[in-house]
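This report refers to the structure that appears directly beneath it.
Labels for the chains are A, B, C and D, by order of writing; each one numbers its residues from 1.
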Amino acid sequence: MTVHFPYLGLILLIPAIGVLFNLFLGYRWGRGAVNFVAPGVIFAAFIIACWGFAKLLAMPPGSALAVTLWPWIEAGRFHVNVALRMDALSAVMTMIVSGVGALIHLYSVGYMAHDEDYARYFGYMNLFTLSMLVLVLADNLLLMFVGWEGVGLCSYLLIAFWYTNPEFAYNGRKAFIVNRIGDAGFLLGIFTLVYALGSHGVWTLSWTGMQAHREILTGIWEPFGVPVATVAGLLLFAGATGKSAQIPLYVWLPDAMVGPTPVSALIHAATMVTAGVYMIVRLNFLFILTPSAMEVIAVIAALTSFFAATIAIVQPDIKRVLAYSTISQIGYMFLGVGVGAFASGIFHVMTHAFFKALLFLCAGSVIHALDGEQDMNKMGGLWRKLPITYATMLIATLAISAIPGFSGYFSKDMILEAAYASGHFWLWLMGIITAGLTSFYMFRLIFMTFHGASRVDPHKADHIHESPAVMTIPLIVLAFFSVVGGWVGLPKGFLWGEAFVRFLAPVTGEFKATVAANAITLSALALATTLIGLVLAYLMYLARPELPGKIASSAAAFYRMLLRKYYVDEIYRTLISRPLFWLAGPALARGVDQHGIDGIVHGTAFTVDNSGEAMRRVETGNVQHYALIYLIGVIAIGAYYVYLVIG
Amino acid sequence: MPLGLFIFLAAIAVLSALGVILQRNPVHCLLALVLTLLDMAVMFIGLGAVTVGFLQAIVYVGAIMVLFLFVIWLLNLQAEDRGGSRQLALKFFGVVGAAVLIAELFVFLVKAPSPAGMNHPPPLFGSIASLAGALFTNYLIAFEATSLLLLVAVIGAVALARHPAAAGSLSPAQGAQPVASGGSEARPVTPEHKAGGMG
Amino acid sequence: MTPPSWFMALSAVLFAIGVAGVLIRRNVIVMLMSIELMLNAVNLTFIAISRALGSVDGQVIVLFVITVAAAEAAAGLAIIISAFRNRETVYADELNVMRW
Amino acid sequence: MLIELAIAAIRAIVMLLLVLNLSAILLWFERKGSALIQDRIGANRASVLGLGSRLGLPNFGLVNTLLADPIKMFTKEDFVPDGADHFLHGLAPFLALFPVLVAFAVVPIGDSVTIAGHSFDLVPANLNDGVLYILAAIGIGVYGTALGGWASNNRWALLGGIRASAQMISYEIAMGLAIVALIATYGTLSLQTIVREQGGVWFGLLPRWGIFIQPVACLLLLTAGMAESKRVPFDLPESESELIAGYYTEYSGGKQAVFMLTDFAEVALVAMLVTTFFFGGWQVPWLYRDGFHLAGAFVALPYWAVVVMGVISFWIKTVFFCCLQILIRWTLPRFRYDQLMRFGWKLLVPVGLLNLVATAIVVVLAGS
């Protein structure tokens, strides 16, 4: 059942007004107005999203709210509308994006209180949220692509927010370019779908339209000899690896840490990186047709998850640890998606949104308190001075480490169980190990930051203070949801059990287990590895602080490899960037452009110059001469037709 | 239209058209053109285009041609002198070109398919109602665009023809009646307003 | 009844006279008049065909032509006045500043 | 066939004669009327064998205007100034008179009658596009005065000619707007139909005349029409204190008489148009095809009597409006040229446009 619900447009319109206000009037109306408007519009969008969600709950399962705003592209029989659609999946995503986004905006009011460029910042933040809302509410693939590109643009704008620092600007560009590579895949995926569907006379890209004709996609595509769905699925997944930071395109995300910390929170929790997961879940009817592509997704996800976690355990920078943890957690999500448990992926998106936003905001609070210090080696023992930050960050850490009762536990458990039950034993094993690594690096972060002896620069030590209320309130709210957010997806049999999965089932379909699994055993194994990680972290960073250094020196090569992130940046630079630079510089710019093309241009100019010198005698200035020439032309054309008529 | 009437009107049309291009005095040329246009208007009416025929008389003869008359007077043009550069080559080629053009057009007329006879027009054919019906449905955008064109032409004509010093320096006589200069400056474009109102 | 091709023949003759007028007259105003003559010759064809086909479209186009002719005359004459103020002439062969 | 041609010819000739005679009488009325207004005696010289004075009657000057003056004028030398364009100088007066005279061809002077089995309207030519025809005729009328002024090779005459054409073109717009509003009201371009539409009554009493639904248009038409006929207070083209006699400064004799005749024919035309458009034309209040109806009372009349009364009514109204114009002419002072242009462009045209828009809105609302 689809219900016309025009207020969906407001979810986009109100933030759009916020964008325009902040960018064009923000400086004129002053900081107070911006501080009110920027979080306000997102919060308003959240309220409307909640309204829509409430309507959805009241309707039978499988219902959706929809509105067609205006026709967008009309090219022959191919037509695309600017249309919005809110079903169970997009309702959940909209609420996450707008809700968590609103809290991050609120937090930003305090975090950016001393920045000169507040209006530009909030304008971009609003635009970022707006783009993500377009992405999740879109009714068709093309409109989703608009949002997809919008978040890419905004990530660039915000990562390079302090653009006067050349390194920051460079990192912004890096994020943008890496995203472009993925987007190319996404576009090719769209083209594939349009081509495949169009050649069967189906000229639509809307979810419902494509789903209704999905049997077309199982057809073999001649040039490749594989089903259309596989080609399209892999291309779209290539887009997802860029946006959601998976191997091989994850390299931009750690470098994106140079933006303001709330931006990182927004990118990691609410808006950008979950777009890939959402897209694949949204297109689950397509991916379900192509087991091979699903297999690729699952393997890449598990590998990403594992390797990102290994990198995270040695990073000294507090935000980089969190960045790699994000990559690792998104790997989990894709793992769930890749093995066919789409709902579990979205479930993890939700819980992750809560605790990862919280982690970043807490890290921001710490950095704020330490005047921009990000190196954990220069922290320690802060828990007395930052009690709220400490408490909330501890909750988030417990959540991400999947301690039972906290939200992360339910979602991660569901994914791992699905991985095992679908027969991917090795992937499950990697997931389990990653879970141990996760708890290790997260508690390493906690212990290095808040416990032990203070290593803070003495100059800064005396004015460390807790953040203002406008920053701590979002922390507390998020901490609350980091605990209870997972309770909507209790394991089967407990209380309302699996309510979340059942809510999403009409969109995502049911997960079908192929291997019998004992949920309790699996859960216990995961918990065991988690606790091992916790204990190891305690041993190495609290009980015996000298151990890490020894290990690092005894396995120096390995340690350095982890510290340098498996040399991936260096490899990319050597294999891709350098040849491209050579091609652009010496080869094309000097060789082809200066000698070849410029020669042609100069030659053309020379020819034109000289022939013009000869031809200008025709310009007598007497209009009648021109008219005569014109008449001769008319007569010549007429003569041709006379020839046609007579001959 | 009866054949005799056609031949009569056609003869007048050709003679007066020749008068337009052969007379030396521009006012005489203009009168010949007025005669041609009126002759055409009669022909239009004879062909059933009653409204268009009358509008031709109102707009073309009653307004546009008067504008020409004004300009000829304003510039105080006399008969073209026979001296100066005669440009005989240009004239020769012009006449030859026109002759060739006419020959080509006649070839088309003879060879190309054309409607054999006059249809019996529907009732009210050419009436203002049928014209308005077409004008405000199928040709609405063109109609609106034309009104815009007229506006642009009015503004452009005023801007072009306005004397550069008109705004600043009024002669004493005009100084006593400031509006007079504005009125007389606006006068050359007068017929356009009319054409806009009528057309 | 006169067949439509007769009207078209007359139209062709008038058009050619207009063409000749543009080319042989030095006076720019008379050239403009010749252009009006050409426009009218075409109008005649439109009207004749409109009658022959029993369709009102040709007449509508003639209306547009008349309107455009009005605009053209206004702008053209304004330009002539402006040129006359600067160059003291309306003869095409003397208004030849825009040349090599 | 022949009899139809004959009827058409008779209709045209009768109308022409009526108009020319009316013009001549108007000329007389103007002379004596102005004398009356200015407390003069006026034309009183010529008489036929002194008949009037012998009978003891005052000399009305009728003979002067209708007989003596024309004879004098047409026997005078036809003077053409040096350097004038002979051909156009001679053509101009007739170029002025002709369009005005042909305009009368569509003015209905009575209801339809049947003679010898032929039924026709009492109008020289009952055109469906009569209104357009009148506008076209008036539009062409510009050339006579304009060329008369130019062809005289006299600066005053040229100025008069320019003023005349500028004035006529300007006021033609106001006139056209007034008429367009009227056309929108009645939905027809045929004058006879417009007159028929004005038959009958509203509320059982008020005649359905155009003046009651288009009062603004009526004023506009009357004002613009007077400006078209170039008479005081709009007589700038011939204002004797500035331009001697304007565009006919260099005219004398018969050609000048033609110009003057044009003036009075224009007065008559304006009066007829106002009558036709706004005062019911040949309609007599409360008179129907079968007789008078008023508030339940009924007086039966034969049809021929109804027609005759209609014709008489038309002429009474026409003469009334002719006289009204002449009275205005002798009452008001002359405008200044800038006032004239401002009055036309900045008052009449906007008012006409507003009236047209209002009419259109009402018509659309009433139609739907």
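Methods note: contacts are C-beta pairs under 8 Å (C-beta built on N, C-alpha and C of every residue); 3 or more make two chains touch, one makes a residue touch a chain.
Remember, it's a predicted structure, so these values are computed and weren't measured experimentally.
Averaging Cα coordinates per chain places chain C and chain D 35 Å apart. Centre to centre, using the average C-alpha position, chain A and chain B are separated by 67 Å.
A straight line joining the Cα centres of chain A and chain D is 84 Å long. Once the centre of each chain is set as its mean CA position, chain A and chain C turn out to be 65 Å apart. Chain C has residues 19, 22-23, 26, 93 in contact with two or more other chains.
Contact of a single residue of chain B with at least two other chains is seen at positions 51, 55, 63, 87, 90, 93-94, 97-98, 101, 105, 191. Shared interface positions of chain D, defined as residues touching 2 or more other chains, are absent. An unclassified topology is adopted by the chain contact network, corresponding to no line, ring, star or complete arrangement. Chain pairs that touch one another: A-B, A-C, B-C, B-D. Interface residues of chain A facing chain C in the complex, by the touch rule stated above, are 616-617, 619-624, 627-628, 631.
Note for the complex: chain C touches chain A at residues 19, 22-23, 26, 28, 31, 92-93, 95-100. On the side of chain D, the complex with chain B involves touching residues 85, 88, 128-129, 132-133, 135-136, 138-140, 142-143, 146-147, 150, 158, 162, 165-166, 169-170, 172-173, 176-177, 189, 336-339, 341-342, 345, 349. In the complex of the two chains, the chain A residues touching chain B come out as 624-625, 628, 631-632, 634-635, 638-639, 641-642, 645-646. Partner chain C is touched in their complex by these residues of chain B: 1-3, 6, 10, 13-14, 17-18, 20-21, 26, 29-30, 33, 36-37, 40, 43-44, 47-49, 51-52, 55-56, 59-60, 63-64, 67-68, 71-72, 74-75, 77, 80, 84-85, 87, 90-91, 93-95, 97-99, 101-102, 105-106, 109, 114-122, 125-126, 130-131, 133-135, 138-139, 142, 146, 149-150, 152-154, 156-161, 163-164, 188-189, 191-192, 195-196, 199.
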